[in-house]
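Across the two complexes that follow, chain A remains constant while its partner is chain B and subsequently chain C.
On to the complex of A and B.
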């Protein structure tokens, strides 16, 4: 077997980092809501695609794709808070939240199909055409934006949870909500805040999906497996975890594709997951 | 004698009106409806194409009812959503037969769902006409009738027509890369392409397979760039070809020629980088296909309905054309057999060809497939329009394979 060239290796490495950043961005909200609120929010993927379709729609109406975040982020924040309020109102357990949010996913998918039909939609934007050349390697702007947003949001979420009073209170809620409440922590308000943030993260991930991919409602489910793997590998409730794990998965998949048969790539992410689960069983 | 003239004219007018009314009454279908049952992927991952088949079916049933229906009876299409799931398709076809008591069946969309429906059809001895079954070797039921124009050996016929087109071009390729999804109905055809390329002396510089659902085409694009093939055979399904083109463009690379087996035609047509892409087809909106007035009327209606349904691309091409042809097959068989009895219809189809808008369909081979020839042609995206470029007799006026 001939060794791949350095350019091929470098380009594959970049490709892995970029797709990994998207896994991380998609996994960020999922990991926080699962780890801190005990809600396994499958609807997170549907929200990301709803965000992508809204970006497509608003950009089609003449808005700059990045500017659509000014509309999408607050709307999704409110939507996320509302979803959490409903789940809390009916005391939905962690396991039941999986089922309820699966139902919500189906509803959002149907809504997307009703509005935009099942046909493929592709957002045309000036960003899509921009790429930079670094040595013999190419970096596309949409992917660079995805990496930047994933890094910025993950670091911001980490800093918020570690260094602010509300963040520390949020971690206390994740540890033991009744005790946190006994110490005067506003459990309800902070949970709504975090749910809103998670949904807003899904909206941002939606923008990145719209920038790089052709959209179809059925693709909501295509990301489930690998993003779940990234979330589990990264550790539930750890804001940096999904990004790091996503990049590890992305890079290992990309290098597998560069060195061997591309069809082996999915084996890598799930083999990694099994190895981590065996080596660190208490992690999830 | 103006008064007499007036009376004669009035009587003649009344007679004419009566005759017209009687003709209309005779032409309008009457009696209990002929119920045709089918499922389509109206939701789920295959819904984009499922919608195409729904629009076509609605057009055809309306056209039938505007004429004489089937055997003078109105036609009712009982359509259910199989959600792109073969297991659900099986259940729904059972329901169509046992609960809805349909008279006839039309196939669903895509190989796995058709295979499910075929099992049910076999159990109840029903004829199943279908349009998008990609793996003919799995069709072992004697009363299934493919109307999609595919041969029994598409792994032989499709590569042949593609490599014939390339060989006839001004600059035939010398090296080839075969990249393919492992999805069953495209994978075996791609393996056929490898064999065909080898037989014709083309040097294979890369053979890469990915699992269906792959999201990252960056490394595959980088490997293609490294391999520098003259021609890339993309055994892709739906959007996979677009994802590969996107990935290649991101690293500033496009192969001189690239063929896509079963692409999503609208997105590939509009995709930056999709210029000069090649694909397989049975029908495009230009002569000689549009020499047929039935096709012209269908194109008009499809444009109208497609726009109303919000389709981004309303042109008639492979999927919509084979869908229409399958309905033409059903109508011809019922009319020819003068019966809605499944055995009579099957016997008629085995003995008679049907001239559909995609060409002459026939079923006189093993398990109703023809080996060694099909209705597939090669088309190219030229100036934002799909045009057939091979075989010559089906090529759009003045169209030839554009090579860089």
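On to the complex of A and C.
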């Protein structure tokens, strides 16, 4: 086995961190709604891709990609709240939410295919061209934006849950919703708020997908396994968990690719998940 | 102040309690005793808004509570120390107490309430930053009572506060309950340990198989031989 050069190693490390940030950003909403509301929202990935396609569409119409957030975030917030309202209305259990949202994923996928066809779509934007050179390493602006947004949203969610009254009430709901209600917490209202936020996070992740990747409807499923791994590794409902775990997975994948062959990368992330689950079984 | 009138609460098809009526006067300390499975917890949970009521009326100072959403009961001045304590185990002692004062009116007096609770339970002050789940059983009971006091209740509901505690701790907890009551808070105490409850209550109800079997002052109840035999052995 030939050792890779330092530059290659550094570049792998960087790309591992950046892809890890996207895993984290995609996992954030999934982890919060799973950990706090006991809803495993598979449709989170489809929502992110819907967001990506909307960004593509709006940017194609001349909007700045970052400005599309002003449209996408409120719309997705409403969509997430509506989805939660429906799931709560029919009191869907955690396991059944997995099935229902799987169905929803198929519907959103079909919708995307119907509107944008199954052809590959690539967003053209000024951001995509910008690259910085640091030392011997290249950093692309879209990747940097992804890392910045993942960091900002994860930290904001952490600070909200840790330091505000509503955030603490949200954690109390996760532990014992009826008792939280007995102390005056509006469980329904706050659950709607959190679901809305989670969907809005999916919208932001969608923007990042559109900035860095070529879009195709089938790609929805490509992210599922590894993001679930990041969510579980990070601890359900932990707002910083998906980002930290995502970066650990991203870096170990990138290093595996640099040292061996790209085909080994998924093996590493899932072995990591299995080892952690065995070592700390109380994690989920 | 509290009037419970012929309420019925069911799980599925089977009624857990039916035709249950109790009254608690302002500042009064009342207790409900009865065997396991008689429906004591169901009754107290219904008063706290944890269970919805199928029939009958629930009034606090003449205001009907039975149609209120669950999170509004606390705002009416009712706070519960639930069976099994049900603390937010992963959250710190301080956060548990803060959640006790979640509703707006209680929030404004949070610092004052926190001082009061730490005055009653000095051990909690030392453990403020510790996760509630790491406290001992007695300390958890104190925290559960403290959390309810943070809500500034007019009516405090206590479900089996003595359960699982060492005898010395039980006496300390009872002292605190008496002290809270002396401060003007009405108390409804549910206890399987009838001797303890009847000792401090001014009015008592015996609940059997989901119905009120007897009521009156503790002295009057204890004068009835079959109640003495059933509950005091």
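Quick note on the criterion: the second predicted complex is superposed on the first by the 284 of 284 C-alpha atoms of A that agree within 3 Å, B and C clash if a C-alpha of one lies under 4 Å from a C-alpha of the other, contacts with A are read in each partner's own complex, and residues count from 1 in each chain.
Following the convention adopted for this analysis, a residue touches a chain if its C-beta (ideal position, glycine included) is under 8 Å from a C-beta of that chain, and two chains touch if they have at least 3 such contacts.
What you are looking at is a predicted structure, and each value in this text was computed from that prediction instead of being measured.
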Practice task
Return first, second, both or neither, reflecting whether A:143 touches chain B, chain C, both chains, or no partner chain.
Solution key: first
Exercise for the section: Once the structures are superposed on A, label A:175 by its partner contacts, choosing first (chain B), second (chain C), both or neither. Expected result: second
Problem - Partner chain(s) touched by A:28 [first = chain B, second = chain C, both, neither] - result: neither
Exercise for the section: Please indicate which partner A:185 is in contact with in the superposed arrangement: first for chain B, second for chain C, both, or neither. Expected result: second
Practice task
Quick one: classify A:254 as touching chain B (first), chain C (second), both or neither.
Solution key: first
Exercise for the section: Tell me which partner A:165 touches in the superposition: chain B (first), chain C (second), both or neither. Expected result: second
Handout entry: Which of chain B and chain C A:263 touches, first, second, both or neither
Key = first
Handout entry: If touched residues of chain A are counted for chain B and for chain C, the larger one
Key = B
Completion exercise
Dual-contact residues of chain A, meaning touching chain B and chain C, are none
Fill in the blank from the handout: The residues of chain C that touch chain A in their complex are 48-50, 69-75, 79-80, 82, 86, 88-91, 95, 98-100, 102-103, 106-107, 147, 151
Problem - Footprint of chain A on chain B - complex, ascending - result: 42-48, 50-51, 84, 182, 208-211, 213-216, 218-220, 222-223, 225-226, 239, 242-243, 246-247, 250-252, 264, 266-267, 270-272, 309-313
Problem - Contact set on chain A toward chain C in their complex - result: 165, 168-169, 171-172, 175-176, 178-187
Exercise for the section: Under the touch definition given earlier, write down the residues of chain A that touch chain B in their complex. Expected result: 4-5, 7-8, 11-12, 14-16, 18-19, 109-110, 113, 116-122, 128-129, 131, 133, 137-138, 140, 143, 212-214, 216-219, 221-223, 226, 250, 253-255, 257-258, 261-263, 265-266
